[in-house]
Amino acid sequence: MSRTRVGIINVTGYAGVELARLLHQHPEVELASVTGRSAAGQELMQVFPHLSNLGLTIEAKLGKVDLVFSAMPHKDSAQEVIPLVEAGLKVVDISADFRLKDAEEYPRWYGFAHPAPQLLSQAVYGLPELHRAQLASAQLVANPGCYPTGAILALAPAVKAAIIAPEIIVDSKSGVSGAGRSLSLQTHFSEVNEDVSAYALGGHRHLPEIAQELKLLGAKSPSITFVPHLIPMTRGILTTAYAPLLPGKLASGKKGEEELRQLYLDFYQDEPFVRVTEAPPHTKHTWGNNMCLVYPTIDQRTERLVVISCIDNLVKGAAGQAIQNMNLMLGLAETTGLETLAVYP
Amino acid sequence: MSRTRVGIINVTGYAGVELARLLHQHPEVELASVTGRSAAGQELMQVFPHLSNLGLTIEAKLGKVDLVFSAMPHKDSAQEVIPLVEAGLKVVDISADFRLKDAEEYPRWYGFAHPAPQLLSQAVYGLPELHRAQLASAQLVANPGCYPTGAILALAPAVKAAIIAPEIIVDSKSGVSGAGRSLSLQTHFSEVNEDVSAYALGGHRHLPEIAQELKLLGAKSPSITFVPHLIPMTRGILTTAYAPLLPGKLASGKKGEEELRQLYLDFYQDEPFVRVTEAPPHTKHTWGNNMCLVYPTIDQRTERLVVISCIDNLVKGAAGQAIQNMNLMLGLAETTGLETLAVYP
Amino acid sequence: MSRTRVGIINVTGYAGVELARLLHQHPEVELASVTGRSAAGQELMQVFPHLSNLGLTIEAKLGKVDLVFSAMPHKDSAQEVIPLVEAGLKVVDISADFRLKDAEEYPRWYGFAHPAPQLLSQAVYGLPELHRAQLASAQLVANPGCYPTGAILALAPAVKAAIIAPEIIVDSKSGVSGAGRSLSLQTHFSEVNEDVSAYALGGHRHLPEIAQELKLLGAKSPSITFVPHLIPMTRGILTTAYAPLLPGKLASGKKGEEELRQLYLDFYQDEPFVRVTEAPPHTKHTWGNNMCLVYPTIDQRTERLVVISCIDNLVKGAAGQAIQNMNLMLGLAETTGLETLAVYP
Amino acid sequence: MSRTRVGIINVTGYAGVELARLLHQHPEVELASVTGRSAAGQELMQVFPHLSNLGLTIEAKLGKVDLVFSAMPHKDSAQEVIPLVEAGLKVVDISADFRLKDAEEYPRWYGFAHPAPQLLSQAVYGLPELHRAQLASAQLVANPGCYPTGAILALAPAVKAAIIAPEIIVDSKSGVSGAGRSLSLQTHFSEVNEDVSAYALGGHRHLPEIAQELKLLGAKSPSITFVPHLIPMTRGILTTAYAPLLPGKLASGKKGEEELRQLYLDFYQDEPFVRVTEAPPHTKHTWGNNMCLVYPTIDQRTERLVVISCIDNLVKGAAGQAIQNMNLMLGLAETTGLETLAVYP
């Protein structure tokens, strides 16, 4: 039986090259074609010496494949993806271009009018923990942003169970690879090493995604403040989410904590890539793999829910989740090719 | 004119050795005696080669001085400080032992009954921006904790002006030196490098300090959730504080932002060590010096105040602030010995 | 067919836990028993949350297995290993206790008289690139040190071809995980972050291993200076080796460089875990996998050989190489379970 | 008495901004004018928020000053410096443009014909430890490169005393700020964090400087291999230098080590910025200050000299040494403005 042929558009960013690494280890698909812009014509291994010889040359135009990952930047990605979808290919788009259901959000947050609003309803938001059933039959999957993945998985059980008021603070701490491989002073080693800073205080583009999904889970008019921070490490996002508990939903004291924990354990009981931890998790425990670790607790003094989540922003936050989605789309076991453990220490 | 003789109890922790570095550069006082426990008998420079030859040997018992810094751990520090205060010496206590006005907080947060509750009202909380007048005549100063320094300075103007509801989230990100020089797995390089984690989710000891001072500023029954995080850098604390704006206190839109900014500028207008910045600040911009950078803004979508503050946890968060307090206690110019700029990059 | 049962003595150090990670992914063996000292009685996953549920409890005493990895410290390891060898088990000893053929080196370098000198000739030095044939039939394998692995692989082709005088400088730069999981001030985050230092200038214990193997390759009375350095990263060793080229062995200029490169390519042509690179390699390109990257070049001005090698000290420098050795001992394909690519960036 | 007015050409690189930081603290000179290219017109403090308000705007053209620091890149720097020298100003050139005495080295190493070869003999190589007397009367000082500063100070006493054969290996490990503030993939955080690599294996431009100065100290036709490495930290260079000891120059064993140490102590006995250490030094012990730490030792097995030196590449390796030179040129005490201790940890 021949393996499904897959391709990567724009392999040369960090999401793209992480896809290549993970797909190389995938037993059921064949990475058959990769494209890049400035690097077109070079062998993949010359640009990325950590990849062993896949025999692939970076091409200007995608070869014949059955499923495509687009790792293009937003706006450009839609231009690549639209004709592929029309041609009947399956597509996982890593960019934001098909994540938001409301086309009017695109000019507001991304500064462009969406070129194919009719595809927005067709596209499935690729968070398997929430949309697994639809993903199995999806042709176009919008892979979630890195921050939304951590934030939504932290809050989903509580929102679904309606135990919190929708007054939500999401404070995220991200490694620098989340800012991509393009050069900038903000990602220059000497500037970001031994430093931490908040950014996008006027509103980060990942906010509407978080709001959209929490609303789908039942949050009424959620009021969400989301502040991302850049910290001096390469991989990982830790999200700390805060919200007031609604009175009477959980028992008081230790018993309430146990109920909360059970609620999370139940919600994620069959999830291969979410683990509810017994102690505050570390991003290091997800380094290089597709797990999301979630730790819910109660600040008893203030009756607030506090949830910590950890992911590797390039795996569960990008390439790993894309492959999880691909597995679902192709009818493969969801964990195929994603079984490796985190690399610690 | 002879310079005032000062001493350091327990010079061998990070706060103690930072005091030695800064006092060495202070033109008006003489570092005359330093003590240590396990290192007693060694020359200071042998233990800390970055210090040039101060001609000091680490002693088991403090020599004759006029003012003492105690850098002992909490509980032990009180034992050292009480007889010194009774003997009439001026003392700046870097530990938590005299920070809380309510003696009953000590068993609750620190696990011991306070040995000299009568001194708690006499002690002045050493945050010059709030208590400058009392510090000038203080005999015993309780130097604030590193997290409270950043959190209180972030929130003080807003609390004082009563523009926020007291539903406060304080999310702090600290470099590892804040955990001290004692060995632990949590501060072992390979464990904390490329990692971020939250800790003390059951309640951190710095919380009652923050609450105490915000109450003094006018916050009524504040409900504060404080979550500290450890990030892979040596120095620096960035605090992100969140609170709902009270309706009608600030104008809407850009005008409200300007009013907020002006309120902060006014509050800190004469402060030599607080700067209200025009852009989100970086801890790197305080590396090695005594500044606190504060950036207040409004999340317009949710009408929440968001304030970022940055300090070097070992300077404004410990040794530098202790010297600022000493300057006030000795009637010296407040900035004496603390003028060096941050070391960037 | 039942899988071979293997065990790990002292799973709680970094080499031990890395073995557990890699063995978990190995399709042909079953990790059946792990031991620890202070952690005995705890579930493996509680001590190391990055490991998924292997269903293993850390035991005080090893269970029934067919092959054992000892990750005990030197001297203690021999005590564990000797009875296992006598009982007929296959053993891969990660410690130094069976690496040196000359028993008299043990008191000199390790401070103890070897308890079983007769086993030293029986033990095979586990560098497959040099001793593959013997490893296939070995009962006791002495897994090489991390520094020797990088140094020997950098120099072996040149020594074997007798193109250099044996006046060798080995300057190595190691990540901090090489210093282990035991606490020390040298591995305390705030001490080693933003720092580099040389150590063991009086002679490092890995020197006799390097000398032993280079002599076996033909170096006559080699005069080797080896200086290790600690740099602020978790994983990786880069070794820079220097030696004078013997006159007349290689052509001059570019042609000599090509001859040198070809000599290295030929030497390592069938090696699955050594790659001769076209550009100076980065340790990052080996992060988490079993590759050794080697880059030989000539300093034309001085007619010296300069070779750079990179490994992950915990994989090719410890646990990965141990599994490579196990594969050979069990007659499995040498790369089994070691195919994952480096995690970049 | 009015203070000497000094200016900085190209303040916006790391050497330039470090000069601004240090000059701000200098009691005897006034930083009166700074220039930049792309940043011209902006306030200095807006580009570099760590600088307190110096009241300076970055200008396109230098204002009226008595002494100029040029922090321009090589080749461009000469164009700026030549007219200033002709106009009679004192100049400290941080670039390489006046370091090499032999004009023919410039096309060979830097790719341009020197525009003013007659100034090369007039320029003084600004390593005060070797050329102090000439610096006092110099009009044009060529500030040494960062690597040469560490390498020459490591080897000078041994070369001068003629105890080594001139078969020298210089293996240097540098923090990333040495690569400057210009963006490149090599200095992109995610690429260089958790990584070490060697570079410039074909010959680094700092080699001819090292050779020139060691020849002046008496080395006959030195054969020097110099390999620089980039390690994941911001500041600091550690250099490890190796050379064979000449027979009969030092006693054998411990006595020889003591003689060596005394030779270094004597050579540097009056130097304010070189300290011969008793243990292998750490770059951290020079973080932010102008010290060079030197540790000479003997590899007794091979009779080789091994010397470790540590500097902060932006201070003793650039801006601090430039101010040390300025102090000499202006007849000020050499240590003026450079007394601050290293910031540890």
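To keep things simple, chains are lettered A, B, C and D as they appear, and every chain counts its residues starting from 1.
Criterion: a residue touches a chain if its C-beta (ideal position, glycine included) is under 8 Å from a C-beta of that chain, and two chains touch if they have at least 3 such contacts.
Being a predicted model, the structure only gives us computed values, none of them experimental.
For chain pairs A-D and C-D, the one joined by more C-beta pairs in contact is C-D.
At the chain A-chain C interface, residue numbers used by both copies make up over half of all numbers present, so the two copies contact each other through mostly the same positions.
Using the average of C-alpha coordinates as each chain's centre, A ends up farthest from chain D.
Per-chain Cα centroids separate chain C from chain D by 38 Å. The distance from the centre of chain A to the centre of chain D, each centre being the mean of the chain's C-alpha atoms, comes to 46 Å. Residues of chain B in contact with two or more other chains: 14, 175, 177, 181, 190, 193-194, 232-235, 281-282, 284, 287, 345.
Chain D meets chain C in the complex at residues 167, 169, 171, 173, 175, 190-191, 193-199, 201-203, 223-225, 227, 229, 231-236, 238, 240, 242, 244, 280-284, 287, 295, 297, 299, 301-302, 304, 306, 308, 345. Within the complex formed with chain D, the residues of chain A that make contact are 14, 175-177, 181, 183-185, 187-190, 192-194, 232-234.
Per the touch definition, chain A reaches chain C in the complex via residues 14, 17, 21, 24-25, 46, 48-52, 177, 181, 193-194, 234-235, 277-279, 281-282, 284-288, 293, 339-345.
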